[in-house]
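First chain A sits with chain B, and in the next complex the same chain sits with chain C.
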Partner chain A sequence: MDYLKLIKRFIVIAFQDVLAYRMNFWISLLYSVLNLGTGVLGIVVLFSQVETLRGWTLASTLALLGVYLTLGALRGLFIGPSLEALAGMDGEVWTGQFDFTLLRPVDVQFLASFRHWRPLALLDLLLALGVLGTGMAQMGQTLTPGRVLAFVVGMAAGLLILYAILLAFSALVFWSPGFLFTWLFNALLQMARYPVGLYPGWLRLVLTWIVPVGVMTTIPAQALSGDLPTGMLAGAVALALAFFAGATALFRTGLRRYASASS
Partner chain B sequence: MTASQIVVKNLCKTYRVPEREAGVGAALKSLMHRVYRDVEAVRDVSFEIARGEFVGFIGPNGAGKTTTLKVLSGLLHPTAGEVRVLGFTPWERRHDYLRRISMVLGNKSQMLWDIPPLDSFNVLGDIYHVPPAEFKRTLDELVALLDMEELLTKPVRNFSLGERMKCELVAGLLHRPDVLFLDEPTLGLDVSMQARLRRFFAEYNRRSGVTVILTSHYMADVTALCPRVILIHHGQLLYDGALQGLAEKLAPFKLIRLALSGANGQAALPPEADVVEQENGHLTLRVPRATTPTITAHLLNTLPVVDLSVEDPPIEAVIDQIYQEGKVEV
Partner chain C sequence: MMQEARGKRQETRGKGQEAGSTHHGSRITLSQINLRGGLALIRRTWLSWVQHRSFFFLLAFGWMVPPLIYLFVWSTAAGGGTVGGFSRGQFVAYYLILIVVNQLTYSQTNWTVGDVIRYGGMNSLLLRPLSPVFDALSSEVAGKVVYMLFIVPVTAVLALWLRPELHVTLQNGLAFVPALALAWALRFFWGYWLALLAFWATRADALLALQDALIFLLAGQVAPTALLPGILHQAATWLPFRYMVGFPVEVLTGQLDAAGILTGFAFQLGWLAVTLALFSVMWRTGVKRYSAVGG
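Showing the complex of A and B:
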């Protein structure tokens, strides 16, 4: 498969790039551990006071944090670096460097989404999977193959939604090339650290259906703990596909606006 | 004549650009109410280019050269007009089309900066589906032609501009394009590197039969490489033909060089003749093309002429005049 071969090539290049700057490795490691530490600490402190919080136990909340961190790590691994290279004052659309992406005989959206990798995010991914694993281990016997399967599907839907939202925000670069629109989204994404059920009703609706950051984390975590209401998984998949289609359409409309930089 | 590989008919491209006056007040006003202005970058340009031709695309800054190249390479949609390159409509950006063209830009790099060029080349090889054996053969050939063996394994970040340009050329030619767009490839290079790249372009064009459109502000590039030039100014095509014919057709004047014996004959010159140079009895006059024969006869009759020659002005001077005056009287 050509696209897989290209992805492999991009990853190899990224590893070579990262090895050129050794110090970055240690700083990234420190950052990952701090990010993880503060997240876990908050939850442990909370659950030392109460047993459950609106039906969420320490184990299921840890699993949710694990899902949140895993999605964040996957974003940092390739979606983020690739899409963020488009926007901003030194971004490819502003400088006209995007010309070279358009000239390649490869799908533009694929290239824009996969060409830059940040291998140091693998550290985040390992730590995130560790938290997720700890949460799952604490659930113990209750994990059934059916639940794990539902979890994997929910996780895939969550990742697709995250990608679609980032793609849509990045596509705005074609209307305003200097601005890093994904910053707007980052503030909202923080809310996905906690189960949507903990938020007031109206916010819960927004986080589930309008800017579905809640769906990304809550649904996979609920799938693991068996608390997923019927139909929600199918709803999440449908939502993910709709968001993906919408974001792709927006990106393609934006592409037609691209005027390249002067000379 | 071979069938045309590039056909451009009545190409127009208009940009819509926001416009505002200087100052904070105007900036704030433009936040609420933005005024746009239409800029016609290319106006009704038509030409055809046959396979293997090496065509120079010249014109002053902002003439519309790069815009035209960007339409031809599929980066921009035109506002009006018809364009076919290799039988494709460029802005549809079909992969079969993109695999057969290449664009090398003097002011933009497609290399990855922190790794050796060989790694960037490998990525391009995969992107363009170049079979490994062909990839190696092409790379070896280009590296030999450009004499850059020792550069392959050093990080691009440390390269000089000339070394980096060699890499850009390899990157642009690895997939053996049929049509090559060169946009100011010698920009900022020293004289000997310019000459070296010129030799490379000529040799590569001869060997591969690639069709090339070159834009450059260095007339030496154009005179050395392009039997045919297309001149555009203010988005309009002013001339399309042999380089030698450019002066003949577009310069409304000729130069008369005189050697005089003894006295300075300036007082006897007809009013249409401008003195361009005057030194030790040698005079160079600029005269309107149409009146050249009568002025020459007049000079021979009235001045102690030892030697006289009539020439077309040098190409640089013609181009300079066209660029400055914006139009020529043909």
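Showing the complex of A and C:
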């Protein structure tokens, strides 16, 4: 598999790069711990006042936070850096460097999505899995193979939706360079820290169907606790596939508009 | 995000410097130069920021979301009854005011000062016939104006929609004004002295992230400080962060009695004195150490 070999190469390069900046490791660790600490304490404070909230307990909300942090860490590991290098500030489309990417004999969408890795995000991933594990242990639920399977499928669907939305926003750069809609999305994504059920009805609809950030975290967390209504998982997978197809189409259309740049 | 802001500010700074040097050539007394030059700089910076308003609106939206999340979550928790003595409408009022106060006291300058030191931009600031504080103040004024253009209408719409429950007494209203002013001064100078650590360490901005996390936890964002459990509540009372955001909001929403308000003012003034002392020490020793890099 050439693609897998390429990914391995990209990861090795990223590790070599990161080893040159050792101080950055400690700073990154500080940021990761702060992100984790504020998230966990936010939930602890809330549940110090109430026992349960619309069926969610401290334990299940912690597990949901673990899902949120895991998705965030995976995004920071490769999707984020790769798409940022493409369409972010001073990205390849902006500077015209994208010409060289187009010339390579590999699928452009693959390169744009997997090329840059940020190994320090593995710290986030470890911490996130720790939160997830703690939440699950606190729930005291027995994990049946069915639930684990539903959880893995839900996570995959969530990650695919996240990737599709980011890809779509990155593709918009072909129409309007300097587009900062990823920021708008990042602000909305924070809402996925809490179960969608805790928001008022209209917002729940927006977070489920229009900007489905709620689906990404709520469905895997519900799969773990066994509260997932039947059909929701299939719905999430269908939604993810639809978003992925739409975003890919948008990216390919945008690609045709690309007319290089010069300084 | 900050890179873009920095770009905007460097642009501003370049032009402001020209204005400063013409004043310098025309031999006015020092105090006149400071005031006129300072006001010109403030006006210039403000005009430049208004031009880039959509960018700053986006930033303001990003800062608004975390309090909004807690507004919704606590409203749901209160439901038809109360949680920790707060009803749904009171949570709404608390958080809407907090969004405005947070934006008014948030000092973006703190992030840029460190960069100015690291990239050698401090040179032009030090050569100006103005105290570098004017540079920070001009972005403060510009920022507040631009952010309020976004925050005030949005909060007003949310208020009409979410039906806050707020009864402001004359006493609370009057106490709110100095509480807000002191909160701004405390947050501004506290962030400034932390940013000045860049004179000694290149990655001092990591401490600003720590500060933001503590403000999130202890200044009343995650919950009104009255609802914080045990040790967090103690920390909120004694550390300076509550007095940068949460305290004025608590005053206006009538959570504090007269004694509580006076104690709060005492803490605010005490921490402000400590902060100003730290700031002036850091500034004086830092500038002596400063040696520019690059060009």
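Quick note on the criterion: the second predicted complex is superposed on the first by the 257 of 263 C-alpha atoms of A that agree within 3 Å, B and C clash if a C-alpha of one lies under 4 Å from a C-alpha of the other, contacts with A are read in each partner's own complex, and residues count from 1 in each chain.
Definition applied: a contact is a pair of C-beta atoms (placed from the backbone, for glycine too) under 8 Å apart; a residue touches a chain by one contact, two chains touch by 3 or more.
Owing to the predicted nature of the structure, the values given are computational and were not obtained by experimental measurement.
A.B. asks: Will chain C clash with chain B on chain A after the two structures are superposed, or do they fit?
C.D. replies: With chain A aligned, chain B clears chain C, so fit.
A.B. asks: Considering only touches as defined above, state whether A:L143 meets chain B (first), chain C (second), both or neither.
C.D. replies: A:L143 sits against neither chain B nor chain C.
A.B. asks: Looking at A:L184, would you say it contacts chain B, chain C, both, or neither? Reply first, second, both or neither.
C.D. replies: second
A.B. asks: Using the superposed model, measure off the angle between the directions from the CA centre of chain A to chain B and to chain C, in steps of 10°.
C.D. replies: With chain A as the vertex, the angle is 90 degrees.
A.B. asks: Could you look at A:P200 and tell me whether it touches chain B, chain C, both or neither (first, second, both, neither)?
C.D. replies: It touches chain C, and chain B stays clear.
A.B. asks: Would you check which partner chain A:R256 touches, where first means chain B only, second means chain C only, and both and neither mean what they say?
C.D. replies: first
A.B. asks: Of the two partner chains, chain B (first) and chain C (second), which one does A:T38 touch, if any: first, second, both, or neither?
C.D. replies: A:T38 sits against chain C, while chain B stays out of touch.
A.B. asks: Between chain B (first) and chain C (second), which does A:A20 come into contact with in this model arrangement: first, second, both, or neither?
C.D. replies: After superposition on chain A, A:A20 lies in contact with chain B alone.
A.B. asks: Which partner does A:V50 reach: the first (chain B), the second (chain C), both, or neither?
C.D. replies: Only chain C; A:V50 stays clear of chain B.
A.B. asks: Aligned on chain A, what is the least Cα gap between chain B and chain C? Give it in whole Å.
C.D. replies: Between chain B and chain C, the minimum C-alpha distance equals 9 Å.
A.B. asks: Quick one: which bits of chain A touch chain C in the complex? Just the residue numbers, please.
C.D. replies: Chain A residues touching chain C: 23, 27, 30-31, 34, 37-38, 41-42, 44-46, 48-50, 53-54, 89, 180, 183-184, 186-188, 190-191, 193-194, 198-200, 203.
A.B. asks: What residues of chain B sit close enough to touch chain A in their complex?
C.D. replies: Listed in rising order, the residues are 15, 61, 66, 70, 73-77, 93, 95-99, 101-103, 105, 107-108, 110, 112, 114-115, 119, 122-123, 126-129, 155, 183.
A.B. asks: So in the complex, the part of chain C that touches chain A is made up of which residues?
C.D. replies: Result: residues 1, 3-4, 55, 58-59, 61-62, 64-66, 69-70, 72-77, 83-84, 203, 206, 209-210, 213, 216-217, 222-223, 227-229, 232 of chain C touch chain A.
A.B. asks: Write out the stretch or stretches of chain A touching chain B in their complex.
C.D. replies: Answer in residue numbers: 2, 5-6, 9-10, 13, 16-17, 20-21, 95-97, 99-100, 102-106, 108, 256, 258-260, 262-263.
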